[in-house]
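Each chain gets a letter, A, B and C, in the order it is written, and its residues are counted from 1.
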Amino acid sequence: MSSKTNPGNFFEDFQIGQVLRHATPRTVTTGDVALYTALYGSRFAVQSADSFAKSVGYSSAPVDDLLIFHIIFGKSVPDVSLNAVANLGYAECRFLRPVFPGESLYAISEVIGRKENSNGKTGVVYVRTRGFNQDDAEVLNFVRWVMVRKRDETSPAPEPVVPELAASVPVTALGLAAPLIPTQFWNRHLSGSPHRFDDYGVGEKIDHADGMTVEEAEHQLATRLYQNTAKVHFNQHAESAGRFGRRLIYGGHVMSIARALSFNGLGNAFHIAAINGGRHVAPLFAGGTVYAWSEILEASVLPQRADVGALRIRTRATCDLPCTEFPVADGAPGQPGVILDLDYWALIPI
Amino acid sequence: MSSKTNPGNFFEDFQIGQVLRHATPRTVTTGDVALYTALYGSRFAVQSADSFAKSVGYSSAPVDDLLIFHIIFGKSVPDVSLNAVANLGYAECRFLRPVFPGESLYAISEVIGRKENSNGKTGVVYVRTRGFNQDDAEVLNFVRWVMVRKRDETSPAPEPVVPELAASVPVTALGLAAPLIPTQFWNRHLSGSPHRFDDYGVGEKIDHADGMTVEEAEHQLATRLYQNTAKVHFNQHAESAGRFGRRLIYGGHVMSIARALSFNGLGNAFHIAAINGGRHVAPLFAGGTVYAWSEILEASVLPQRADVGALRIRTRATCDLPCTEFPVADGAPGQPGVILDLDYWALIPI
Amino acid sequence: MSSKTNPGNFFEDFQIGQVLRHATPRTVTTGDVALYTALYGSRFAVQSADSFAKSVGYSSAPVDDLLIFHIIFGKSVPDVSLNAVANLGYAECRFLRPVFPGESLYAISEVIGRKENSNGKTGVVYVRTRGFNQDDAEVLNFVRWVMVRKRDETSPAPEPVVPELAASVPVTALGLAAPLIPTQFWNRHLSGSPHRFDDYGVGEKIDHADGMTVEEAEHQLATRLYQNTAKVHFNQHAESAGRFGRRLIYGGHVMSIARALSFNGLGNAFHIAAINGGRHVAPLFAGGTVYAWSEILEASVLPQRADVGALRIRTRATCDLPCTEFPVADGAPGQPGVILDLDYWALIPI
């Protein structure tokens, strides 16, 4: 390997408190928004139209929350997970400001935990990644943890540090990225749903009904759009000799499909305010068809604002398995079953 | 099915005079334009370059007419054709204003006809769909009719209402979406064709020569870009048990391919002023190669303007069948043959 | 063939000094930029973010150099290479001005050479193609030569004219498209590389490590985005009876993949100032995985500016062959091996 190329960090390279200044700032444009629509077919009115966004208090249509997440996540890959065996989980993900086309984003991560695995070959690294705009205003903040290879299996295990992470983002921390919504102007015909905060009950389950088959070209376009360089998504020549013999689809691609499908049943849940946790419980491969269903875990008013409430939603996405029966069991690679288990807070007009 | 998800309308749900206010307004951007170019490779100079558009009287490059059509059409799908068996035809489609990047579009339909089929299982529904911009100015108006399933086969047949539809849009209704063209500035080198209105004769046939193979990822990207949610286009898992065992390609995708191919022979026919009728005579599947040819049905000057004339063009698109012999017979699913029969008015400098 | 369609030029049609005014001017937008990112995953900071570009002297992020090249190249195809058997080479390609989203480009070529092949069936045509913006300012200038079919094999061979072409663009001609870079503000964390001009040595070889598999949908989207109409890229129905039985991938697609991969090792080489030469030594087909490696051929300061230096880089791209061993032998169709041999000048901060 040339000294000029990035070998990525190995487990031993991560130190508690270490700050990773990620490369490749990125201006988000209406071009990215159009591609995001073409990739997922999302139909939430706030993100789809300036006219609707303005009618409910935004200056113009904000960029889809998950597009921001994927871009910031992608920046962290070369420094955090180039040598990752697995992307284990997310927590405490908060959307702090709306992002509009024309803004330039960059990302910084801090190492907040590390723990060697008992096999001595790998370890788990925890980082808090923060995304900022061109004015250094923070737009996103989340923790993720990944399993990373050790460079040298004989190197001694460091003292384990495992951060305490909130099981869910407190409702007091929600809503910073949404303006006050004049809900009397929320047009249910244009938004595509008559259902508001009070219409959803805790424990309610919603089958999002539709399914979407993923092609290799699609997930590659998506993952490159996010400038995510994880090798497993792009290189069939190498992967054909790998664990599955196939390219793995970026887990965030599944998140965005599930979110887009969830419009059918959650059409007014216009903004992801926080992601409490997420697990990619099985890999998705091209040719698989993604379905999704959701359960309402909590419904909470927000302090100091009466325009919107927060629904805590657990969305499971499946591969090749319709969700009429609300499947919960973890799937297995290449088999019909659950592939994503996502726990998030969405805002919805009261 | 949860009460929160959209089951779509069945035949019994449509009432004459009923107004359907469609969801998901949409801001059209230069991102959409770029994707449209990437999907079809269209080369009409007016839509391709602000510089050319300005030189012939536009304020900037207008959005491709069919992109507007697809977006407005897509909005009507959840309310009109989610339970459609077939999209039977179009008529009286008029483009009323140019649309420029940055405009936000929405759509409303009115039910103008319904007639139960003799099998008692389905019926035909006629709607007039209108597209508007953010200022409520009408940009598009067309009729389409679809075959829709009945919810309950025992429900009584309503009194049939079949609207009278014009065989073609009258020339007096053409041209509202095009500014006056200072034709002395129409640069034939930049437009890519020396042929003007007078160069085309009624009865003239043009083989557009080129062919374009369609991939699954391409038509899925296109159809999602239009936020068209018809299930048959996206879900291989469900379609593998369906009529053809495959995903059906959105018929509008074929229209756009045929229009893009038609540049080779109709390079100065810069604007679709109206669609008189269209039939998708056979389905297209991924892997098929689309060819097209056109016949000039009429050539008409326009009242009150001497800058452009109108060519009434019948374009047939085929699958896996070059058009050197100008094929006319309807194709069959998955067989080489005609798949689209489109009758439209295009404007061209005099 | 109808008299209305473009049959393309045959060898006999090209006259020395002939000027070809190409069709379809094109406004480049942030939509094109987003698609370019989605197609290649390019990560050079100057082109990725307005914020970074401004910090180093640009008014905003310029459009990727190769995107400009592909667009201008594409315009020349209908007049130069529609009947080409092969695209033989490039030379003297200079980027003369940065292009920013919103600019409208057009192209003109001049025939500067022609030489019939000894088989009497084909000949080589040399053209100098120039790209301009909406203000008629020249943005790109390059020579390419193609092998073109004769219309009539019995037509006499013209007197051969073969232009003298520079083996490489002189350093005095480099840098016109880059502003003066205040290198003290060049942020190595954001740019993704600590390596500057002085860190590279002549003869140094860099394996860019990563590989990218190409899908049919991807190269078709790319080539249509460039409005390149060469038939071999799009028509599987015709190509299945052709030389390879498959669609050929536009050679420029490989150039862009190789350039994007080269970020890993050349992250600060932010601008292609010139292309000295390029050969597509073997065709690429969908399903192939592209790797790349580079060798530093020269390192030169630029006259009259001390902010950036120029690296002359020879990049070879391979198909299905990792570049750890720096392969050099020309590949063969469909076999693992070298497919592109590109010689260019890149600017990099001193």
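Heads up, the rule we're going with is that a contact is a pair of C-beta atoms (placed from the backbone, for glycine too) under 8 Å apart; a residue touches a chain by one contact, two chains touch by 3 or more.
Given the structure is predicted, the values throughout are model-derived calculations rather than measurements.
The rotation relating chain A to chain C, fitted on Cα atoms, comes to 120°, given as a multiple of 5.
At the interface between chain A and chain B, two copies of one sequence, fewer than half of the residue numbers in use appear on both sides, so the contact is built from largely different positions.
With centres defined as mean CA coordinates, chain B is found 35 Å away from chain A.
For chain C, the set of residues that touch two or more other chains comprises 29-32, 34-35, 215-218, 221. Residue ranges on chain C touching chain B, taken from their complex, read 1-2, 4-6, 21-27, 29-32, 34-35, 78, 101-102, 104-106, 134, 215-218, 220-225, 227-229, 231, 234-238, 247.
If you check the complex, the residues on chain C that touch chain A are 29-35, 37-43, 45, 48-52, 61, 189-193, 195, 199-200, 204-213, 215-218, 221, 264-267, 287-289, 320, 322.
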